[in-house]
Amino acid sequence: SVLEARFQARIDAEEKIEPNDWMPAAYRRTLVRQISQHAHSEIIGMQPEGNWITRAPSLRRKAALLAKVQDEGGHGMYLYAAAETLGVSREELVEQLVSGKAKYSSIFNYPTLNWADIGAIGWLVDGAAIMNQIPLCRCSYGPYARAMIRVCKEESFHQRQGYELMLTLCRGTPEQKAMAQDALNRWWWPSLMMFGPSDTESVHSGQTMAWKIKRFSNDELRQKFIDATVPQGHFLGLTFPDPDLAFDEATGHWQHGEIDWSEFARVVAGDGPCNRQRLAAKRKAEADGAWVREAALAHADKRRQRQAAAWRVAAE
Amino acid sequence: SVLEARFQARIDAEEKIEPNDWMPAAYRRTLVRQISQHAHSEIIGMQPEGNWITRAPSLRRKAALLAKVQDEGGHGMYLYAAAETLGVSREELVEQLVSGKAKYSSIFNYPTLNWADIGAIGWLVDGAAIMNQIPLCRCSYGPYARAMIRVCKEESFHQRQGYELMLTLCRGTPEQKAMAQDALNRWWWPSLMMFGPSDTESVHSGQTMAWKIKRFSNDELRQKFIDATVPQGHFLGLTFPDPDLAFDEATGHWQHGEIDWSEFARVVAGDGPCNRQRLAAKRKAEADGAWVREAALAHADKRRQRQAAAWRVAAE
Amino acid sequence: MSTPLFAYTLRLADDALVLGHRLSEWTSRAPTLEEEMALANIALDLIGQARVLYSYAGEVEGRGRSEDDLAYFRDEAAFGNLLVNELPNGDFAFTVVRQALVSAFMLPYWTALTASRDATLAAIAAKAEKEVSYHLRHAAEWLVRLGDGTDESRRRSIAALDELWPWTGEMFEMPDDERALAEAGIAVDRAALKAEWSRTVDTILEEATLDRPRDGWMQTGGRRGVHTEHLGSMLAVMQSLARAHPGATW
Amino acid sequence: MSTPLFAYTLRLADDALVLGHRLSEWTSRAPTLEEEMALANIALDLIGQARVLYSYAGEVEGRGRSEDDLAYFRDEAAFGNLLVNELPNGDFAFTVVRQALVSAFMLPYWTALTASRDATLAAIAAKAEKEVSYHLRHAAEWLVRLGDGTDESRRRSIAALDELWPWTGEMFEMPDDERALAEAGIAVDRAALKAEWSRTVDTILEEATLDRPRDGWMQTGGRRGVHTEHLGSMLAVMQSLARAHPGATW
């Protein structure tokens, strides 16, 4: 259609699409799915890290972790707001999360088992997220692109903080270094999976590339991440749990062993270590908070009515 | 009345009164109140000690503490059973406890704040309880006397175990010894209050003495306890939190300072450190378990009906 | 170097840490995302206050103890915080009512402490005053919503108020070693803040259409290290990792 | 002296301690006084099993570690217990269903282990077999009552069964170092017990009028020290006092 052609022309010209602009239904649908999935990931991602707030081993780390988790809540808020510009409400989106209809990043279905996991999440998980998200700062949909600029700035702070935490552990006692190694062992492969299936398998890529929602392929981003991260890990004195990891002088890239995509598929489908736990915790929080949200609405209502009555009196 | 005179004669002859024997209504009432209060004390007493089961510092102590708390549940069971022989049901008694109508020993309204409190409860609280309870083994009401024989045997084991725990701490590190001293500081006065008001103030004593429910006055029992306990404390190398504590060569007794009866009255009336907490915990356990008890009844009922049906079929 | 000043500063720090820790337990459990952020903000403020106070206490003590030594390597009986701060969070109404009652006291407290002759405490107080003024406003707004909201929120608010009231008296107690400090213009007379606290609370309760509970016997003990059973369990968790690796740097 | 025997004994001990600890958390919270006693009995049996197993593991290791060194001074990742044992207690239905599922496995396990060539393990197994036979009977009776009780108890039983089922597969996994021990007649082939377990569970579920959940993906990791987030919190509390006073005698 003419509208579609004009829309694509704007995209091609690197113009931003804004909420009131015409857009194809599929573009809108894709964005809602991607943005809300991203928002849900921030929200569910608060759980594994939140697990260590009460046990953080120093006050400085406790404050930093709490602030980090709070930032994630903030990211969730910006992203829900960006999704709302596309005509869905936050309530609908949360309902989709709680009912299990909506997905969130599968990485958060892994447990945080020792303190180094907090470092590893910052270093690897936030690191991988940034690789995915930096191109999104130039995404064709304006509100999403602007939200991502803010998110990326904070994420890269978190990433540096996570790496610094790992560094402290790796320069600490043997027990602390062992924690760091254990965390790397458990988080490395799931982090690589965060970029999604290999390009040969990926379903949505073609159209989202054309719409400039996505700008690089999964494998390209994964390779960028590996190339950036492996030297960092070696600097920490840690070993990656991949015997096939090797530097290819010819290409200048780190080659990695085969990713267990059956594990990825399984965890996405619901059978990960913590899928049920995460959803149950979220459901419980929503259910426990229902009376509070109702009270806030009821009070706002009473207030409005009282104000209206006061105006009527004043008008008489 | 003739019945009353005959009843008192049996008591005077040290005969035991049994459930089916005639007894004055006031005797029955007094016993129900005393036995159920005693049972409730065992049940509520599980809470302060239970507070340390998950943190017991060695497996031996963990097992011993769990077994001890279990014994207290057992005492509660014998005592409820003894009370039931007087025509009240356990449900009624528990209802009185949960509704706050029935009392329990006020000592359990104090918190257990360090591990030595577990030793102090065994040494002092069980020690005081035994002083109160040994004469009850000869109480005129048969079922109560027999329950107390069993209870006393276990309590004196707990008392020795508690003292041994204190001894271990007092021979341990300075921190451990400080725990023991801290525990003695907090538990000493409340333990003395366990014997009840001074004889000059005590209300029920005369009649219960005549009925041989009680055989010694509050002050007599308290003095016995102090005389037995003070040398034990000194052997531990601990200081009692009573500057007036002094051995009277003339009487051969330890003299103690004034007891703060206003504190006692206040805590009995409901304003102790843990009164609300203890009752709330008991209420929560009862409420949380309601569906289980209902299920057990429903299942027993179904079973009976199926059996009855089977018999009818067999009879046809 | 003075021991009363050390003990005093430590108590202020313990108050902040213990309540901050409790609030941090709300993480990923709050009733709304906005409230998630707000509770974390308040917790962060309090943990921040605890950090500077512990650091200063360590300096005053002069034995080289760091903020973490004081937070992670003292036993329950050495903590001098208010009992009300250590009570478990309960439901959201309990958390809100506690925050309102405590902040209504802490705001005039910090205001008064800005005039302390101890320049460090005065500076800490000036920052804390701003923070707590937000805590009070936030908690009061919620209390009004809950008290004047639905039947359920009202019922829960009344229950929380009733539950918490006996723990408020301790706020106005002056530990012995604090009197001299107050007379010297270093610390603040806590008892003198009772009237202002009362007015603030009455104003909030009135807007929340809630009755003020009657004063009865008041719980006490925290300042002497005699706590509730809840602090021990909280510290067991909070200190577990630090204590498992004594001497480690994090 | 063999490391596999040490690791194996330790896993058995961890299984017993972790589940025993969970059950001990029911203290003063059980639905009836009788059940209070029964849960404490089972917990005591399990803690007792853990004690002799840790002692024996310490002996086998030969480095002088006591039962308490092994229970209180190992980190989460060193624990080799089944994940199912570390899950929080949930409601009474969850506790009952877990106890039934685990006991239905442990009974034939201990029975088989009574024939171990390792005399100490055989003796421990003989005692444990008697104990677990009671645990199984007790849990099964409750499960029948709950499954065939009220609508609510039935609903809760189904939910617990559904929740717990994915954690049962791990019981039949043979850690590598256990195979050789089993072949040497010291340990027991866990996988070989699956059929008997299945029959026992089916019998109980039938009487409880409950459907057996379908087998799906099964959780795993405990044997390699990769646990749920729940074990860390449990150990933080359990080990707190012992770790705060390293080297002390209790």
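When the chains are written out, they are named A, B, C and D in that same order, and each has its own residue count from 1.
Going forward, a residue touches a chain if its C-beta (ideal position, glycine included) is under 8 Å from a C-beta of that chain, and two chains touch if they have at least 3 such contacts.
Values in this document were obtained by computation on a predicted structure and should not be read as measured data.
*Asks:* Let me have the rounded angstrom distance from the C-alpha centre of chain A over to the C-alpha centre of chain D, please.
*Replies:* The answer is 37 Å.
*Asks:* From the C-alpha centre of chain A to that of chain B, how far is it in Å?
*Replies:* 57
*Asks:* Chain B: which residues touch two or more other chains?
*Replies:* 55, 175 - these are the residues of chain B that touch more than one other chain.
*Asks:* Multi-chain contacts only, two chains or more: what residues does chain C have there?
*Replies:* Only 75, 236-237, 240-241 qualify.
*Asks:* Does the chain-touch network form a line, ring, star, complete graph or other?
*Replies:* Contact pattern: none of line, ring, star or complete.
*Asks:* Mind listing each pair of touching chains for me?
*Replies:* Pairwise, the chains that meet the contact rule are A-C, A-D, B-C, B-D, C-D.
*Asks:* Looking at the complex, which residues from chain D come into contact with chain A?
*Replies:* Listed in rising order, the residues of chain D that touch chain A are 75-77, 163, 166, 216-217, 219, 221, 226-229, 232, 236.
*Asks:* If we count contacts the way the header does, which residues on chain D are in touch with chain C in the complex?
*Replies:* Residue list for chain D touching chain C: 75, 233, 235-237, 239-241, 243-244, 246.
*Asks:* Once bound in the complex, which stretches of chain B touch chain C?
*Replies:* 48, 51, 55, 111-114, 175, 182, 186, 266, 271, 273-274, 276-277
*Asks:* Which residues, counting only chain D, touch chain B once they are in their complex?
*Replies:* 17, 21, 24-25, 27-37, 40-41, 43-44, 47-48, 50-51, 54, 67-68, 71-72, 91-92, 144-146, 148-150, 152-153, 156, 237-238, 240-242, 245, 247-250
*Asks:* Over in the complex, which chain B residues touch chain D? Could you list them?
*Replies:* Within the complex, chain B contacts chain D at residues 43, 46-47, 50, 53-63, 66-67, 69-70, 73-74, 76-77, 80, 115, 168-169, 172-173, 175-176, 281-282, 284-285, 288-296, 298-300, 302.
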